[in-house]
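Same chain, two partners: chain A is paired with chain B first, then with chain C.
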Partner chain A sequence: MRWFSSNKNKLLMLLPTVLLYLAYILMPIVIAIYYSFTKFTGIGTPQYVGMSNYQRLFSDPIFIIALKNTFIVLFVTLLILIPGAFLLSLLLNKKMKGLGTIRAINYSPSIIAPIMVGLIWVFILDPQIGLINTFLTKIGLGELTFQWIGGETLTPFSVAIVQSWQSLGYIATIFLAGLTLIPKDLYEAADIDGASKFQQLIHVTIPLLNETFKLNIILVITLCFKIFETVLQLTNGGPNHLSDVLVTYMYSTTFTAGEYGYGMAIAVASLVATILFAGAFLGLFTLGKRVSNKEGV
Partner chain B sequence: MKTSKIIVSLLLLISAFLVGCSNNDSEQSANGTTTIDFAIHVANPAEQEPAFYQLIEKFQAENPDIKINLIGKEQQEHVKSIKMMSQSDKLPDVFWMLPASAAELQDAGMLMELNEFIDGNPDIKDALNENMLNTYVADGKQYGLPYQPLVTGLFYNKALFDQYGVKVPQTYEELTAVTKVFEQNGITTIAKGAKDEYSVWAFLTMLSRYGYFDKIDAILAGEESYNNQDFVNYYAKIDELRKLGAFPDNVSTQSYFQAVEQFLNGQAAMLDSGMWDVQKIEQSKIGKDVGFWWGPTFKDGVGNQQVSSVVPAAPLLVSKKVGEDEAKKEAILKLFKFYYGEEGTQIMAENQVPPMTNAEVTINEEEHPLFKRLVDQIQLEGWESQPNQPDLVVPEAIANAMYDSIYGVINGTYTPKQAAKVVADKISETN
Partner chain C sequence: MLSRVLTIAITLLVMIPFLWMILLSFKDNQAILSNPLSLPESFNLDNYKRAFETLDMALLYKNTFFIAAVSVLLGLVITFMSSFAISRMIFKREKFKNSLYLFLIAGLAIPPFILLFPIYRITISLGIENTYLSLILPYIATTISFNTLLFIGFLKDFPTEIEEAAVIDGCNLFTLCTKVVFPVVKPVIMTIFIFNILYVWNEFPFAVTLISDPSHMTIPLAISEFKGRYNIDYGGIVSASLLFIIPQLIFYTIFQKHIIEGMTAGAVKG
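After this line comes the complex of A and B, so read on.
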């Protein structure tokens, strides 16, 4: 047993995973960074261009639009998804008849391929043939019909709603797992102390789900920074890139326009933005915790 | 000892795993049979490219010592795959490629010259239309041959024109007049789908009527700007059509394939498309009532206005490595001789692909009325084809900016000046 748990053996057992991680995760990132400093069409030898692809990012109006759209999708999704999934998990945590079926239905959008989700929502959101505008027109509320997709402003908001719909069950399931881990004694003690259900929620449930909230928010951030298929299916980034997000713009620049170097600069910028955003959030979370601990003292 | 054995085994396992992901070299001249790897831009050639597929089948039947291994992938996937293979010097023997990338492969010295084939077959050289050969020549080297001719324009539903008492237009002014009539009657004049930005064929030919080919070399050389008055006038015409309601209300969320359905269902009077849709249209309920038009002429256009569009499609290329294998090279040149010869041209015509040579082909007008009309338009007196499609003579990035600019005006996102500037800016960036 001692032989088995020696440091050498631990390293040996980690080696296959580390090698695969290096080959399939880190190496592509390093290669992408290398290409981001080149002008390359995918054929021939890449031509080194220094920082010019990165400089171009700041003067490229479509990149700015894609970045703005990604942030709109992120903020709206966070606003809908985190409270929505938390409230849903509270409901799913109640004892009721048919709970298993309800939980399964609630999780079902998460197992549909995103490209199919996009297709389903085209039939709901399309301004001309979509369910929403057709319904509004039929009941005499034609003035409330909008260009939910394909217009100049609303597409990222619609994408956020679609993303929230798809991920609600998944995020709620993680909250639910967190809820089941909270000891029942704490609620009994709070009951004895005369705390209302709302007070129990604020002072027991939410503080004890601190780490679950953190995990879910990080998950939502990464989900939103890699949204691709939904946008592709809803609008393909159109009209004229106005609904592009970072990944769709990176894809069209790299593979449709054949600008591999610039496309990789967009990919690296997206990676950096995701890391910075997730890091900033974690920093704020830790800071908030320290402040509340100090106040507690 | 034990530990080192485990390490070696693990490394071998990982190497085997990584090596397993790479492609094997193609089979060559095994058992007296020469195998040609032929990579094509559609996933299912039998269904999606029947003319090509039947030609290959016939060739194999006539040449049992040559086996053609067709490798089909959806176009974008195919292009990516060819680019990846070019990086590891493992190009397939023969392959379809986008024109701009083909020129880059030639610059990188990865292609076999086809001068030997052209010079060795004067009958084919003389029969091929001039632009079919000239397009894929660089420094006197023939590096590619057209896959097929590319014939694009506007299909029109004659029944709808008759129903609303309007004539099929010839000029831009006539087009605006019929647009007003169709708009009043809830009919879309030109079915289009901006979700597939490349679907602007007839509009690219219209750009040729504003002197595109007189200017493009100077524009790419930085001596002239794409943002010039003639091109702004061209975009202004598209803008005027938009304002008149010529395009579908949901053009920004509609795909090209939905636009085709819109036309086939009789909801649109015209469709911006090309020869590849002939079979589908002929098999539809409106099939017998459809005609083909090259698009409007313009009073403020530049140069010849009677411009048609019979240009070489993307080229077929041969990997340079083939030149080192005499048996394979001979087999490929034999295939090309069949492909561009009379028999190949006839097989193409039977599958509604117009000839790219001056060979006489038989068309069954009863069965294929639209194809006959399309070939009649190709042979129309007084009309001259543009040398190439405007997007096919510029790098992919600029071509995409051109699509973006045209749909930008159709969607109402760009003004004519902004549209011209979008392309001009992309040209500056690319240079």
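After this line comes the complex of A and C, so read on.
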């Protein structure tokens, strides 16, 4: 395509994207890092305070709670969603009447706004009027009614359930895409060798879906570190910040408390935590694969 | 047999929250508080009437539609142009081209939350707070990485012979892009379009940060205010929510094949 590759043409084609990207992605990151080294309350000019915002993170009990809650949400979601979605994908991989409809229903929560999903679940989890507690009371299991949201401990677990509900069909569809790529003759060969369905699952399906598992786990990690609206709707971080996650704590510190400098330090720290955690997972995953490959040979 | 039962059980479990909302929406507040589980005595539409009266549905749909349409269309046009340049034009230094591509897709690793306050500051200094433009700009910017990844991934694998023939036949850059390349990338445009529309339509963090004026409010912003607006009017909250969920589910039912395929392709390639 050398015909049109004059500098003028290249500039014309690239400029809108590059300019917007510089102004609205790169510059904001620089601004965020800059503010994270300052004290700024919205009035006057930001004052440089060095690393003190970052030092404050480690002694801030609410930050520790928010970090802990984020990891509870992440691990519980991984525990529910990865096996759950994998099971659903195995079920949807069979020929069945009404499969299209079933698939569509399971997928539907992922197209709804997260802010709406949070609101819907208020009506399920609310200790007084929510479906779970009223149902448990009705069938005589009143002692199993807990403060699913708004109490001191359970909210992050509930958030994980909401996130799992929203993403189940989505993650299952990605598993399903992986399943359809496995050649059918592998199963035929395993049948001839007398492998049971369960053995086929363990020795054929799961090893061949290695990459799909990796992709889905990374997707769940990024989804969980972004959770904001669900917590906002369920508890708004309350009571007393006990149910805050990193994003909601960053948001309330920045926009409600007006501590812009400290808020940006939380934002930068969360970004670093996400990257480190996803990176560590990828590293472990590759290492694990290398080890198991060696054993296999 | 077992797998069929299991499939239906999971599907019902997924449906419960929707069914529960529909059930509650036909009951008055007293019934919701005293006996939430009972079936409604009659199809009481009062909640819906009240929801309709308190919400400016036309305005909310207009705002959200306008912002979504402009950001997605503009975003598609500019990322198509830049992706065409990166994948087809000749650069003196090939390295520069590759770095530019990596630079543009690096945004996939950036969560939007770190951008909220800085973009709020930029918006104020541009003097565009509480305008459609204040949301359109970050919406386009945050989709650049995804669009670039998909466009270039698609163009890279596509042979250039037709384009070269068209150029030899004397077509100019504009007709080359619109008449020759555009039809080729149509399948990937569908994926990008669906991904972007759903993102903008459901987006909340930027909207709540940048818009405070009720006349520019988007649907997710209105939803976030239900709990305050209807206070303990649970019937009102539920029916107002359904007034937004149901159209979206209908839209989804019509385009579900494309939506599921588009979102999955997006994730797999992203």
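Here, the second predicted complex is superposed on the first by the 270 of 297 C-alpha atoms of A that agree within 3 Å, B and C clash if a C-alpha of one lies under 4 Å from a C-alpha of the other, contacts with A are read in each partner's own complex, and residues count from 1 in each chain.
Note that in this section a contact is a pair of C-beta atoms (placed from the backbone, for glycine too) under 8 Å apart; a residue touches a chain by one contact, two chains touch by 3 or more.
Every value quoted in this text rests on a predicted model; they were computed, and no experiment measured them.
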- [ ] Please work out whether A:M96 is in contact with chain B alone, chain C alone, both, or neither, and reply first, second, both or neither.
- [x] second
TODO: Examine A:G169 and indicate which partner it touches, taking first as chain B and second as chain C; both and neither are also allowed.
DONE: second
TODO: Look at A:I80 in the shared chain and tell me whether it touches chain B only, chain C only, both, or neither; answer first, second, both or neither.
DONE: neither
Open item on the list: Applying the document's definition of touch, where does A:L20 land relative to chain B and chain C: first, second, both, or neither?
Closed with: both
Open item on the list: By the touch definition at the top of the document, which applies to A:Y107: first (chain B), second (chain C), both, or neither?
Closed with: second
Open item on the list: So in the superposed three-chain picture, is A:E259 touching just chain B, just chain C, both, or none of them (first/second/both/neither)?
Closed with: first
- [ ] See if chain A has more residues touched by chain B or by chain C, and give me that chain.
- [x] C
- [ ] Go through the superposed model and pick first if A:I115 touches only chain B, second if only chain C, both, or neither.
- [x] second
- [ ] Figure out whether A:I129 sits in contact with chain B (first) or chain C (second), or with both, or with neither.
- [x] both
- [ ] Give one of first, second, both or neither to describe whether A:F225 is in contact with chain B, with chain C, with both, or with none.
- [x] second
Task: Overlap of the chain B and chain C footprints on chain A, listed as residue numbers - done: 12, 16, 20, 23, 122, 128-129, 255
Open item on the list: Help me check something: in the complex, which residues belonging to chain A touch chain C?
Closed with: 1-5, 9-10, 12-14, 16-18, 20-21, 23-25, 27-29, 31-32, 35, 87-88, 90-92, 94, 96, 102-116, 119-124, 128-129, 131, 134-135, 138, 165, 168-170, 173-174, 177, 215, 219, 222, 225-226, 228-229, 232-233, 247, 250-251, 254-255, 260, 263-264, 267-268, 270-271, 274-275
Task: Residues of chain A touching chain B in the complex - done: 8, 12, 15-16, 19-20, 23, 41-45, 56, 122, 126-129, 149-152, 234-236, 238-242, 252, 255-259
TODO: Note which residues of chain C are touching chain A in the complex, please.
DONE: 3-4, 6-8, 10-11, 14-18, 20-21, 24, 32-33, 36-37, 78-79, 81-82, 84-86, 88-91, 100, 104, 107, 109-119, 121-122, 137-138, 140-142, 144-145, 148, 160, 163-164, 167, 173, 176, 198, 201-205, 209, 219-220, 223-224, 226-227, 234, 237-238, 241, 244-245, 248-249, 252-253, 256, 259-260, 263-264, 267-268
Task: Sites on chain B touched by chain A in the complex - done: 3, 6-7, 10, 13-14, 18, 76, 79-80, 83-84, 86-87, 100-101, 104-105, 107-108, 110, 194-197, 248-250, 252-253, 255, 395-397, 400-401, 404, 407-408, 411, 413-414, 429
